[in-house]
Structures are given as C-alpha cells and as structure tokens.
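Should a chain be cited, it is by its letter among A, B, C, D and E, assigned in written order, with residues numbered from 1 in that chain.
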Amino acid sequence: MDLGVLFGIIGTWVLIFWALLMGGRMDIYIDVPSVILVCGASVTVMFLCFPAARLKNFIGVVKKAFFWKNSSIEKLIEDMVSYAEIARRDGILSLENTTKDIEDPFIVQGIQMAVDGTDPELIEQIMTTDLENLVDRHDTGKGMFDAIGKYAPAFGMIGTLVGLVAMLSDLSDPSSIGAGLAVALLTTMYGAMISNAIALPIADRLERRSSEEVLYKTIIIKGVMSIQSGDNPRIVEQKLRTFLPPSQRPVEDKEAA
Amino acid sequence: MDLGVLFGIIGTWVLIFWALLMGGRMDIYIDVPSVILVCGASVTVMFLCFPAARLKNFIGVVKKAFFWKNSSIEKLIEDMVSYAEIARRDGILSLENTTKDIEDPFIVQGIQMAVDGTDPELIEQIMTTDLENLVDRHDTGKGMFDAIGKYAPAFGMIGTLVGLVAMLSDLSDPSSIGAGLAVALLTTMYGAMISNAIALPIADRLERRSSEEVLYKTIIIKGVMSIQSGDNPRIVEQKLRTFLPPSQRPVEDKEAA
Amino acid sequence: MDLGVLFGIIGTWVLIFWALLMGGRMDIYIDVPSVILVCGASVTVMFLCFPAARLKNFIGVVKKAFFWKNSSIEKLIEDMVSYAEIARRDGILSLENTTKDIEDPFIVQGIQMAVDGTDPELIEQIMTTDLENLVDRHDTGKGMFDAIGKYAPAFGMIGTLVGLVAMLSDLSDPSSIGAGLAVALLTTMYGAMISNAIALPIADRLERRSSEEVLYKTIIIKGVMSIQSGDNPRIVEQKLRTFLPPSQRPVEDKEAA
Amino acid sequence: MDLGVLFGIIGTWVLIFWALLMGGRMDIYIDVPSVILVCGASVTVMFLCFPAARLKNFIGVVKKAFFWKNSSIEKLIEDMVSYAEIARRDGILSLENTTKDIEDPFIVQGIQMAVDGTDPELIEQIMTTDLENLVDRHDTGKGMFDAIGKYAPAFGMIGTLVGLVAMLSDLSDPSSIGAGLAVALLTTMYGAMISNAIALPIADRLERRSSEEVLYKTIIIKGVMSIQSGDNPRIVEQKLRTFLPPSQRPVEDKEAA
Amino acid sequence: MDLGVLFGIIGTWVLIFWALLMGGRMDIYIDVPSVILVCGASVTVMFLCFPAARLKNFIGVVKKAFFWKNSSIEKLIEDMVSYAEIARRDGILSLENTTKDIEDPFIVQGIQMAVDGTDPELIEQIMTTDLENLVDRHDTGKGMFDAIGKYAPAFGMIGTLVGLVAMLSDLSDPSSIGAGLAVALLTTMYGAMISNAIALPIADRLERRSSEEVLYKTIIIKGVMSIQSGDNPRIVEQKLRTFLPPSQRPVEDKEAA
C-alpha cells in the first residue's frame, strides 16, 4: 500500500477537524439530519446513475484506489528483455517453462499465445482489446467518484435552500435567525467536504492509476510482439526503454549505444 | 427491471421529502405558480431545443432508462461460441435453422447475412452503421435529460430573480420580507431538485446504458465476423472473452490455454 | 414549419410573462436603460466576435432554426432505391432524365457526376468536402447563438454591478435601497432570460438540425456511391436502411432478408 | 479593416459608459488603485503564463484581430482555376512567369515547388506542415486573450475580497459601509468588463479568423495539388467550388455541369 | 532563466501586497490557522490525487517551469541542415564524430541510430515513443498545478463555511460579527490567490513549455528521418523551415527557391 495515500486522507481530515475545532465548539458543526440528507442522497442517486451490477464493484474500486501495488517499470523492462534473451538463445518454445514463474496473468497470456504460435495480428488484437476493456472498467470506477463529487455538493445546496426557506418563513424570533442560517449552511459544508476531500481527489487518483496501468500493459504488449517477431534483445531493450523518463534510463545506455 | 433504479429514485425523493418535513411545515415549500413556471418552462423549452419528431421518443427514452434488461455478456459469448461450433461442424448454412431461436434481431441479421454469403466487408459496414446510428439515437435521448438538467435550474434562477425584484420593489411591510424571500428561493430549489434528483442522474444512467449496449453489439459484430471467416470456436472464444473483466473469466481459461 | 418550435417559443415566454404578472405590477420589471444595455451590448459584441460578412447570414440562420423542413429519411431511402433500380434496369445514363424531377440539388449533383462517369473517388471527395463545409457553416450559425447565450448574462451581471455600486455609494435615503437593488437585478434577469429562453435553446436546436442534415446527406453520399458502383437495389436498400431506427424499418425487412 | 470590429468595440464601450453615466456621478466608478490591481495583475500574470518570446507577438496578434483583410474565397478559386488553365494550355513551367504577379507567398511557394518538379507528396507535406504551424501560432494568439479573459475576473474577485475584509474589519463608522462595499465591488466590475467586453470577444474573433485562414490555405493546397497532377481546369473548379456555400456558387454551375 | 517569469511572479505578488496595504492595516489579512488550513489541505490532498512516486518529481516540475532554457528553433534547423550536409558530403558514418559535440541527447540518440544503420521505421518508432512519453510526463507535471488550482479555492470555500457557521452560531456580540465575517472570508481569499496568482498560471506555462518542447523534438525527428533517407540538404532545410513562422524565415528563402 502506498503510504502517501494514507498520509493524504488522514492529513486532509485532521486539518478539516482542526479547522472545525478552531471555529469554536465542535457540536455546532454536527447536525444529524443534514448528514443523513447529504450522505444518503449521494448514495441513493448512485443507484440512479449506475446499474446495480456495476455498483457491486464499488468496494473493489475503493481498494484499487488505496492499495496500489506500485509496479516497477524498470523491473518489467528487465524481465521482458530477459524473456527476449531466452527466446533468442533457446527458441521461443523454451519460454513455456518461464511462464510458470510469472505472476502477471497478462504477461503469461501474451507469452503463451506467442509460444502457441498464434498469429501475431491476433495476439495484438486480443491483448489490445483486453487493454481497451480495462480502460473502460477504470473509467466506470472513476465515474462513480466523479458522480459523488458532482451530486454531494448539489444535495448540499438543496439542503441549504430547504433550510433557508424554513428560516425565512418564520422570522418571528430574530434570535434564532443566526442559528437557522448556520444549520442551513451545514449541508453545503458537508457536500463541499465530501466532494473535495474524498470523492474528487480519489477520482483524480484513479485516473492516474489507470494511465499507469495502461502504460504498464502497453509495454507488455510491445514487448511480447517484439519477442515473437524474434527481435534482438538489444532492440527489445531499446524499444522499451523509451517508456522510461530519461533520468531513469541506466547510464550504460549511452555507452552501449 | 433493475430494482436498483427503483431504490435510487424512491430513496432520493424520500430523503428530500423527509428534509422538507424536518424544515417545518410542509406547506411553506409548496408554491403552485413556482411549480408551474419551473416545470412548465422546462417542458416548453424542450420544444425549442428538439424537433417535435424527436420529442415523441421521450417516453421510449424514459422506459429505456428504467426498464433495463440487463443482458448477460457471458451468456452472449457462450451463444456466439456455440454458433461458431455449429458453423464449424455442420457448415455455415446450418446456422439458418438456429436463427429462428435467437431473440436479438441484431444477431439474427448478422448471422443471416453470413449465411447468405454476403461479402464480409459489407456485413461489417452494415452492422457498424447500425451501431453508429444506435449511438446517435442514444445521444439524443441522453441530450433530452441533459437539457432538462440545464434549463430547470436556469428557469429556477429566473423565477427567483422575478421574486426578488417584486419583493425589493415594495419593502413597505418589513414583516413580509422573509416570506417574500422564501417564496423567491422556492423556484431555485425546485430547479435544483429537478436537475439533480431526476434529470442529470437519468442522463448519466442513459450514458452507461448506451456504452453497455455498444459493448454488447460490438461483441456480436466481432463474433459474426469471426464465425463467417471460419475461425476455430476456440479462437472465437478467446477473442470474445477479452471483453470480460479478468475476474469474470472462467477458471478453465488458464488451464485450457 | 415545425409547429413544435412555435409552441416552444410562445409557451416559454407566456410562462415568463405570467410569472412577471404574478410578481405584482408589470411596470416594476421594465427599465428601458437596462434593456438597452443588455440587448445593445449583446448585439455590438457580436460584431467583435464575428466578421461582418458572417453576421449577414444571421437572418438566414434564424430562419433555418424556425422553418425546418423536416425531410423524411424513409422517403429519401425509397427514392435512392428507386434510382438504383432505374440504373440497374436501364443503365446509369438513364438517370439523367430522372434528375430533372429531383428537388434536392445535392442529389442532383451526385447523380449527375455518376452519369458523367466521374471517377468514384472524385465524387466521394467532392460530396464529402461539400458536407464538411456545410457542417462548418452550421457551426458558425450555432456559434452566433452560443455567443449571445454567453455574453447576454455577462452584460447582465456588469449592469447589476453598475447598479449596485450606484446604490451603495448613496445610502442617504434608506427607503430607496430596495428599489435600487430591484433595478440593479433587472439586468441580470434580462440577461438570464435572453440566454436561457432564446439563445441557448436555439443553439441547441441548430445543433440537432445540423446533425439531421448531416445524416441526410451522408445517406445521399452512400446511396450515390452505391448506385454508381452498380450495386443491386436490394443491397442499396439494406445499406441505407441501417440509418433508420429499428422501429421504423419496414416489417417486410425480416421476411425479405 | 473590417468596419464591423470598429463598430463592435466602440458600440460596446459607448453602451457601458452610458450605463455608468445613468448610474449617477461618473466619479463613483473610478478607483485608481482598483484599476491598477486588475489591469496590472492581468498583465504580470501573462508573463507567468507565456514565455517572454511569445508575448512579443502580442501587438501582432492584436493587429491581426482588428485589421483583417477579408480575402475573397471566390476570387481565390477563380485565380486557382486560371492557373490551372495556363498550366493545361502552356505547360506547368509557364506558371513561373505568373508567380511574379501573385501576392500571397503561400500560393507562390506552392506553385514554385510544382514548377520545380518537386515530388507531389513532398509539396503536400511542406504545405500542410506550414498550415499546421500557422494553426499553432494562431492558438497561442487566441490563448493570450483567453488568459486575460480568465485572470482579469479572478483578480477582480481577489480585489473585492481584499476590500470586503478591510470593510468588515472596521465597522465602527456605519455610514462608510456602503461606500466601502461599492469600492470593493469595483474590481469585480472592472474584471468583468475587461473579460467580456474586450478579451473574450477578441479571442472568439481570432478563432474565426484562424478557421477562415485555414479554409483559405486548404483551398490553395488542394488547388496546387490538383494543378500539379494535371487536372482539367473544369475538375479543379468543381473540386474547389465545394468550399463555397451553395448560395454563393455561380448560376452557371448547374447548367455547365 | 527567462527573466519574464521572474517579472511575472514578482510583479503579480507586489500588486497583491500593495492592494492589501491599500486595504488598511496589513495584520487584518493575516490569520495563521486559515493559512495552515488552505495551504496544508492543498498539500495533503495532492497525496490523495497523485501516487507518492510522482510527487517526488514536483521540485523538478517547478524548476522546469521557471528555468526554461529557451532553445532556438532557428539554431536547431541550422544544425540539422549542417548534419545533412556532412552526411551528404562524407557519408552518414562521418556523423559519428559530430555526435560528440552535440549536447541534446535526443539528437545524439537519433543520429547514432541512423549511423548504426538502424531500420528507419524503428528509429521513427523509438523517437516517437520517446516523445509521447515526454508529453505524458509533462501532462502529469501540469496536472499537479491544475490540482492545486482546483483544490486551493475549494478548501478556501470550506474554511469560509466553517467560519460562517461559527459566527452565525453565536451572534450574542454584534460588534464581533464584522470581524468574524472578515476572518471567514480570508480562507476564500487565500484560496483564490494561490490558485490564480501561482498554480493556474504555472500550469498554463507548463502547457506552453510542453508544446514548445514537442515542436522542438518533432523537428529533430523529421530532420533525422530526412538525413537518414539521404535527402538533399536543401530539401531538409525546406522541410524544417516550415516550422518557423513566415516572419522568421530568412530572406534568401524566396530568392533561393
């Protein structure tokens, strides 16, 4: 698990609670009906936006956002180059034994198809379709948090309007106006917090995560295609290393070239 | 019908009405002229935005949003593979009998063309055009709810401005100011509710629905093309299974490969 | 003329005027300088946004939005199929006589080029360029109403700020504060009305209109290309019918297939 | 120079100043520090957004927006057809003499390359790259005005917040509250005026200008390619005329066809 | 370092501080808890939006924004043409000696591959992948500042809501209302300043910087491809000069042509 995300979520909410404490007594910020309206409606509206079948994946999406096994791209490139060397030295069939030790099922599937002598175009088509559908599923996951980020403030505003109308309809007791306004504003505050301190940052994170996974799988596809076409391991390395930022490319890069 | 959508719409509005009840007497939230202005103008403006011919489809669009026959992609892939097996075993002409039992007219049309020996390019062109036009029609349906989601709050704001100007023009009776403001705010509240608790979530839902149907029909097109080109059923299965999320792929997937 | 658009524009404004009447005396909503500022600046700013040569087309754009000859796609497909039959039966040259009875110059031009034996690629290129430029011109028309929809509320807000500053600078007479605020809000109200009850809905309408005309002309291009390549009328029909929603496809569709 | 743009800028500002005069005494709308903050920060922030080298072109961009030589597309097409006639009649080398009389360096460059017998693919590549880079430079020019249109209101809002905090911190003299609020609002008003009555409309205008120039140069590229391939002038005319709106196409169009 | 950016950042903040001083006593604008909330939450939320591994590059991104070695495109084109001349005169292998004097590793890599006789398609593929990944990394850098520009005002608004609720909950001392409101508004003011005077302009700047670097590297790729294919240096020059704005093209351009 990425410790950064833990620091991010805890740090942000410590700051928010600290701000509430600075504002005076904590209890003025707690209004149970307002919490129920904003949180409840943010949940129920999700059932309107998404088919129930997709919402089941919600927990999985949350897990993905928080438990992010940071795959090393350098390691991946090294692995792909070593497979290329095996294929070059002992023939592509010898990769069959190697696949047993590979964890990533996407690599296994690709190499297995290459070993089976599947048509290169078909391999690329299957792996690319797989990648496209992954992006689709990621988009739905991100879409769920985007929806919360959109509807939570909207229901916050609706709650505030409801409170304002109630307060304005009965101004007979001037001393209660301030308290009424304060309570009315709470739903807007809750909506803004849910949106900006939870939903939207996680949606942003999922987007990055998706683009990292796409990069990772693109390297795999390029590597498998290159291995199958019998490329020299040096060429395979040169092709895949372009995916690394220049600063991370090994020093021998230049000398070797 | 997806029970989720029922839960979504009822749950959201129960929460809203509960919030209104918490706000005090229910009657302060009801102002018939305000309802007429916001709802009425949201309807009439639709006749400006859309040609009348398209608005006729409005009921159909609503039905589509709520009664969503959740087609199983696994089932579809199994079916397509079984057609591939029949075509491989008994020749493609033998699929003619099979089409009688298929419900989806899109599959029937595709297989029928394959049986008729239509040129593969023409089959792909016809089925793809069909799919593109489906997306177009879906976009119009989504566009209707997007338009309501855009104009309802706009007319809500116009109503509030009308009310504010009326109230401000006659401040002679200070005790009526609060009530005047409350009524003025009601149109904004109605607009926000129509937009965020009905129109925009349904537009979101229609978008998902469209992308699911596109995925479904894309699988059919790929399947028909693959069957016609005489692909081995195993290859057909491998190609189509890439559309499933990895978790839903059958376990024998790996063993079989 | 589409009666819907008439209903839309009249209905929306009847509702708005009715809301004004409900607000009290009609005269409090009329402030001639405010009208001049918002409407005037919305017009003059158009001369900044668009070259004068394009603004000349403004009347034409308005006409297009309101007088929308709803071309029947079914009728068009029938026509194209009948031309295909003539070409198949009597040779493509015999279509020359047919063109005299065709109203749409786009069809005439296409068939004429086919009759003249123009190179198919050139026909497609010329007709597609024509279509692309049509889309460009439509975009400019839509852009004009989008601009009004953007700048009218902006100048409404500027007018309100001008009024607010004037009112706040002289608070010596408290009884005039309300009236001053009311007048200041009028420009915002005018801007919101022009934008949401005229400009933006018409921009939306022009967008639909454009996409309908594009669909219409795309069918013509596909039809002409199909006729020229000597396709069987049955194939022409099959190709073009994919542009119809399934519900509008003739019943014999399935039987015939 | 397009007289429309002069009318647009003068008309808009006459209306704004007239609104200020209607608001009462002109001096209440003038606050030098507010002007310095909004205008100054809009300028300095440009140096953050754009490299200094690009800002040098600012004057050039302004000139382009105002002094817009409205090139006639009809005239251009006529010219291209006449070049095609010369090339057809006297050979493409005879166009060398013609280039001396052509003003547009883009046409000269294209024809010169055709005369030099440059490879058609290379001609198209060079001319298209030229066009793409033109679009890039136009985008930067538009981007400058978009940036002013974005940051001027933002600094206006910051100025208003600064003024509000100052006013609220010292409420000891109630009679100065109105004046304080009025001054605070001035920065917002300035920002809205700079954005909506100058920056954004000019950005819109530059966008149109760019798309017109792209259309113009696209016609030149198509014309040069057509001339070099030895097309019949009639074909050249037919190809290029599709860029005209139907209403502007000569009457003989149909008869000649 | 571009002096413009220094002028931009210092000038903008001098204006802001000057505005604060004009607003009265400086101390009313300083509220340490508000600063901690807005700045702190803008930082912690970044750990939610971005994986920690990427945030490490933050300092590098800032450096890139400020220390922008303004590479001269004219100089680059001259260099590429001189390499083309060497390759033409002494054979492509003679470029090996030249690479020692070239600073830009991207040019070195390209020419080295050309010298090594690498397949042109592979060279283009490797260099283009490199460029695409550069754009990806730039996008992440820009995304960081966009995120600050989005969340700083959001937490500013949350802080203001917290302050408003605190103030409204206790209206017992009317004399403190103004000060309470002033403090509440400070977080919004801080958020707007961070967003509009730092984060968003730097994000804009990074975008320009990225597009300049892309242009620069595109010229290198085109140049290397052209050199390898043995193009005449004159052709190389003609191809690359199209990337310059017409005004910067040398005068001899026309005469030479």
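Convention: contacts are C-beta pairs under 8 Å (C-beta built on N, C-alpha and C of every residue); 3 or more make two chains touch, one makes a residue touch a chain.
Keep in mind that this is a model prediction, so the values were computed, not measured.
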Touching chain A and also chain E, the following chains: none
Number of hops, chain A to chain D, where each hop joins two touching chains: 2
Labels of chains that are neighbours to chain B and to chain E: A
Cα-centroid distance, chain D relative to chain E, in whole angstrom: 25
Centre-to-centre distance between chain C and chain A (centres being mean Cα positions), rounded to whole Å: 40
Sequence positions of chain D contacting 2 or more other chains: none
Chain contact topology (line, ring, star, complete or other): ring
Direction chain E, origin chain A - full chain order round the ring: A, E, D, C, B
Interface residues, chain A side, partner chain E - complex: 2-5, 7-9, 11-12, 15-16, 18-20, 22-25, 28-29, 68, 70, 175, 177-179, 181-182, 185-186, 188-189, 192-193, 195-197, 200-202, 204-205, 208-209, 211-212, 215, 235, 238-239, 242-246, 254, 257
Of chain A, residues touching chain B in the complex: 33, 36-37, 40-41, 43-55, 105, 108-109, 112-113, 116, 122, 125-127, 129-130, 133, 136-137, 140, 143, 147, 150-151, 154-155, 157-159, 161-166, 168-171
